[in-house]
Amino acid sequence: MATIVLLGKLADLADAPSIALPLPRSAGLDWEGLKAALPTPLAEALDDPRVRVAVNGALLPDKMKLQANAGDEIALLPPVSGG
Amino acid sequence: MATIVLLGKLADLADAPSIALPLPRSAGLDWEGLKAALPTPLAEALDDPRVRVAVNGALLPDKMKLQANAGDEIALLPPVSGG
Amino acid sequence: MRHIRLAHQMFIPGTLIGPFTQANPGLGGVCTFVGEVRYDQGVEALELTHYEPLTLPGMHELADRAFARFDLMGLLMVHRVGLMRPGEPIVCVSAAALHRRDCIDAVDFCMDHLKSAAWFWKREKRGGQWHWIEPRAQDAADLARWQG
Amino acid sequence: MRHIRLAHQMFIPGTLIGPFTQANPGLGGVCTFVGEVRYDQGVEALELTHYEPLTLPGMHELADRAFARFDLMGLLMVHRVGLMRPGEPIVCVSAAALHRRDCIDAVDFCMDHLKSAAWFWKREKRGGQWHWIEPRAQDAADLARWQG
């Protein structure tokens, strides 16, 4: 299992702040695999180049090269608006 | 009589924050007349173009065109350093 | 003196600045910015979410960059997360330095980065409905001032 | 809300900012700069003199220009005159606005003008001797940023 954490409006697209993604211990998860496993509106939103991805708290320089495994926390980060 | 108010380091040159300048009620005072009536080091300091002059609280656009009379307050204002 | 934290509850900026100023003896100037939730048309509440593994480390990295870029004695950054009402403070940034230019510019720099390069997401409640706040072009322009 | 005055005695900036913020309900941000007498090499005291007929009217004109130039809700300027010791506040400028850029820039603008275009003269006492502080080239450069 991997945990998908959804920030900002991405959480609305899944109606939840996180998703538990079943993932066999031996199998890896790549970018296309992640998108295929998510609800379609959320998967489509991830194509926005401003959406960043972090695995276990580390930002990926290139989200397309995602390589995650069971036990990982994958955060999906839309454009920020703080202050 | 006219009152000369000396600000900043100009007060040091006269050893006083102000000078009472005898001036007949009928006589006027121009820029050269003012300088002639002041101690030499002070008169020389006034030539610094950064020194401004106010008469009765109003800044003169051109101090060389000073026209003062008995009863006036003439302020001599060296470069400022506030804040 | 460095004081960087997330506030999960309402905070009073005035109670931060006195101790911060005292903690930087010999300073020539201290500049402070406080941002509050505006009473915008019909805004009932504002919520800031963050991503814990990135947000506070990101604020510390921002502080590192401010210390590297400006001649600072101290830097305070307190940022609210959670649910806020109009009038409540969202963010307080304060910088202490020998000279005014460094502390004013450091506050400006930190605010521009907190606004559009820190890991916060903001939504507003209007008419009982929540609306996510999108980043504004002005925020990107403000940020660009510090690049290059 | 406009609060402009000369302070002839020591003041506590923290006691000004709370009431100033309260007096501008609906603000989005408030920026405050406080300048203090630095503990510079052997400085025992600092004295600021001013010319009453020009100084306060000049501060009000400066406030007019800040209100014309920036979108402000409130502006506070309190400037000490007289004898001060290291660690005492000299000046406090605070600006309240809907948006952060206006209030930060207004404080920056007012400080640059108070520093080199307001009617104050400063001298320091070192080793028992008073020395007048000359304007610095940096001050003129800071001021020039706002021209044209």
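As written, the chains take the letters A, B, C and D, and residue 1 is the first residue of each chain.
Assume a residue touches a chain if its C-beta (ideal position, glycine included) is under 8 Å from a C-beta of that chain, and two chains touch if they have at least 3 such contacts.
All values derive from a computational prediction rather than experimental measurement.
Visitor: How many steps does it take, at the fewest, to get from chain B to chain D if each step moves to a chain that touches the one before?
Guide: Minimum step count, chain B to chain D: 1.
Visitor: Provide the labels of all chains in contact with chain A and in contact with chain D.
Guide: Chains that touch both chain A and chain D, as defined above, are C.
Visitor: Could you tell me the distance, in whole angstrom, between the mean C-alpha positions of chain A and chain C?
Guide: 27
Visitor: Taking the mean of the C-alpha atoms as each chain's centre, how many Å separate chain B from chain C?
Guide: About 50 Å separates the centre of chain B from that of chain C.
Visitor: Could you give the separation in Å between the centres of chain A and chain B, each centre being the mean of its C-alpha atoms?
Guide: 76
Visitor: Could you work out how far the Cα centre of chain C sits from that of chain D, in whole Å?
Guide: Distance between chain centres, rounded to whole Å: 23 Å.
Visitor: Hunt down the residues of chain A that sit against at least two other chains at once, touch-wise.
Guide: Expected reply: 83.
Visitor: Give the residues of chain C that touch two or more other chains, as numbers and ranges in rising order.
Guide: 35, 100, 111, 115
Visitor: Among the chains present, which pairs are found to touch?
Guide: Pairs of chains that touch one another: A-C, B-D, C-D.
Visitor: Show which residues of chain C lie in contact with chain A when the two form their complex.
Guide: 35, 48-49, 51, 53-54, 79, 90-91, 111, 114-123, 132-135, 139
Visitor: Which of the residues in chain A come into contact with chain C in the complex?
Guide: Those in contact with chain C are residues 5, 7-9, 12, 54, 56-57, 59, 73, 75, 77-83.
Visitor: Please name which positions on chain C make contact with chain D in the complex.
Guide: Counting only chain C, the residues touching chain D are 14, 17-18, 21, 25-36, 38-39, 87, 98, 100-101, 103-104, 107-108, 111, 115, 142.
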